[in-house]
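Structures for review follow.
Below are two complexes that have chain A in common, paired first with chain B and then with chain C.
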Partner chain A sequence: MAFQILLNIFLAFIWMFLKAAYDPMTFFVGYFFGLLILFTFRRFFNSRFYLFRIVAVIKLFFIFIRELILSNIAVLKVILKPKLDMKPGIFAMPTELKKDWEITILANLITLTPGTLVIDISPDNKTLYIHAMDIEDAEDAINSIKNSFEKAIMEVSR
Partner chain B sequence: MKSNDIILQTITKVTLFVIILFSIHLFFAGHYYPGGGFIGGLMTSGAIVLLLLAYDLKTVAKILPVDFKIVAAVGLLFAVGTGAGSLLFNVPFLTHAFGDMNIPLLGETSLHTATLFDLGVYLVVIGVTMTIIQTIGESE
Partner chain C sequence: MAGSLIVIGVFLSLIATFGVIRLPDVYTRNHAASKSATLGVMSVLLGTFLYFFLTEGHFNSRLILGIGFVFLTSPVAGHLLSRAAYYSGVKLWDKSVQDDLKEQKKKFSKR
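What follows is the complex of A and B.
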């Protein structure tokens, strides 16, 4: 990914030298043409075309915003309920993510969306221990949310 | 004996894109400076030939899954289309038009339909050259 971005910036500079015009506009035009060329030859690289990955990052961001709003509303409902009938609990979630930063982002996303909280991560980085505010009706739903987060993170790092 | 082409392949990975960028520069320079669709297309196919030299036909077919005969056909369609487009405005065949347009990001740019004709030439040149080279390369 870094190689592709570096190559694209390099191509933009070559475009500026070819045009003998050193303004930001020429840089952007050169960057655009570099992007087109890189897209045409995207199968040439070992990793994916890097713009797909940037799209995946933006998608992850919007998934996070959506989950944040939805689960805050869910917590609001729990708070405003007259009866306190929720059942808190801790459960383990196996994760397929390997790299350190992926696990960190997943844990932060789980913690920032209310209702769940990451307490600990097993030493071999394979299991996340999560405290859930309402475990009985939520475990399946939460696991599906985890899958969406985990999938979105995998989409970024693939 | 199979030799290790790692240096050639690594250099190709960067040089290829510089050559294609230069060919695009030549293509757009055509109106005011030396250049144009023919030399631009020839240089683009030169870059693909470099790819063919560094790798093999199968790899290139995987990287660029394009039928170059279709590229040539699309190029001809562009050229004929710009020519025939002038008939819609009650002017003779191949009459070109140009105008200044305000494109976001680029600012005031003058657009000329001759560029579309040139794009046709560009695609035909790539298509024909690559078809010739690939056909010769594939025959035993």
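What follows is the complex of A and C.
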């Protein structure tokens, strides 16, 4: 991915030298044409065309913001309820992600989801131990949410 | 716009404080502290940024950086606090139902 971006910037510079005009506007025009060239030659690269990956990163960012707001509403409800009748607990969740940065992002996302907080990660990086605020209604729903998170992260790293 | 963001942020921080007083054990308190405080501080900073940007036309990039840093670091801080609490033997609330981390902790302490 980094290689494709560097190549695109390089092509934009070549465009600037061809036009003999050195301003940001020419750079962006060259960047756009470089983007078209990279898209045409995308099957010669090992990884995917990098714009798809940037779209996936932006999607992940919006998931982050949405979960942060939803989790705040959930915590607000628990705190302002007159009776303390939640059932907290710690459960284990297996994960398929391999690299350290993927697991870090997944753990951050889970910590910001409604009613869950990561306590520990097993030494072999295969299980996350999660403290849930309300374990009964949470577990199924949370597992499905997490599948979508894992998919979104894999979309970025694939 | 900017004012309402600041009011929301202050309200969320207040709720987080209530949560820390009211909830029964370390882990549930950590839920309140690490989530509501994050969004509270973030929206106060965003409100301040918008105030200076809209009324005085001053683009303060430090506030944006501050939002980014709080957003990245506070979930990690919550995780580390609760992990340290668990391994130094702080008990869960008595009404807690499930504890899958016990076996791993035993293994950890044997070594």
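In this text, the second predicted complex is superposed on the first by the 157 of 158 C-alpha atoms of A that agree within 3 Å, B and C clash if a C-alpha of one lies under 4 Å from a C-alpha of the other, contacts with A are read in each partner's own complex, and residues count from 1 in each chain.
Heads up, the rule we're going with is that contacts are C-beta pairs under 8 Å (C-beta built on N, C-alpha and C of every residue); 3 or more make two chains touch, one makes a residue touch a chain.
Keep in mind that what you see is a predicted model, and the values were worked out from it rather than measured.
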{"item": "Combined model on chain A: chain C and chain B, fit or clash", "value": "fit"}
{"item": "Partner chain(s) touched by A:F91 [first = chain B, second = chain C, both, neither]", "value": "second"}
{"item": "Dominant contact partner of chain A by residue count, chain C or chain B", "value": "C"}
{"item": "Chain B versus chain C as contact partner of A:L38, first or second or both or neither", "value": "first"}
{"item": "Chain B versus chain C as contact partner of A:L11, first or second or both or neither", "value": "first"}
{"item": "Touched partner set for A:I135, first chain B, second chain C, both or neither", "value": "second"}
{"item": "Contacts of A:G30 with chain B and chain C, given as first, second, both or neither", "value": "first"}
{"item": "Contacts of A:I54 with chain B and chain C, given as first, second, both or neither", "value": "neither"}
{"item": "Degrees between the directions from chain A toward chain B and toward chain C, using C-alpha centres, nearest 10", "value": "150"}
{"item": "Partner chain(s) touched by A:A21 [first = chain B, second = chain C, both, neither]", "value": "neither"}
{"item": "Minimal inter-chain CA distance - chain C and chain B, angstrom", "value": "22"}
{"item": "Contacts on chain A seen with chain B and repeated with chain C across the two complexes", "value": "none"}
{"item": "Chain A residues within the chain B interface of the complex", "value": "7, 10-11, 14-15, 18-19, 25, 28-30, 33-34, 37-38, 40-41, 43-44"}
{"item": "Contacting residues of chain C [partner chain A, same complex]", "value": "12, 15, 18-19, 22-25, 27-28, 30-32, 34-36, 38-39, 71-72, 75-76, 78-79, 82-83, 86, 92-93, 95-101, 104"}
{"item": "Partner chain C, residues of chain A touching it in the complex", "value": "64, 68-69, 71-72, 75-76, 78-80, 84, 86-92, 107-108, 111-112, 115, 117-120, 122, 129, 131, 133, 135-136"}
{"item": "Chain A contact footprint on chain B (complex, rising order)", "value": "13-14, 16-18, 20-22, 24-25, 62-65, 105-107"}
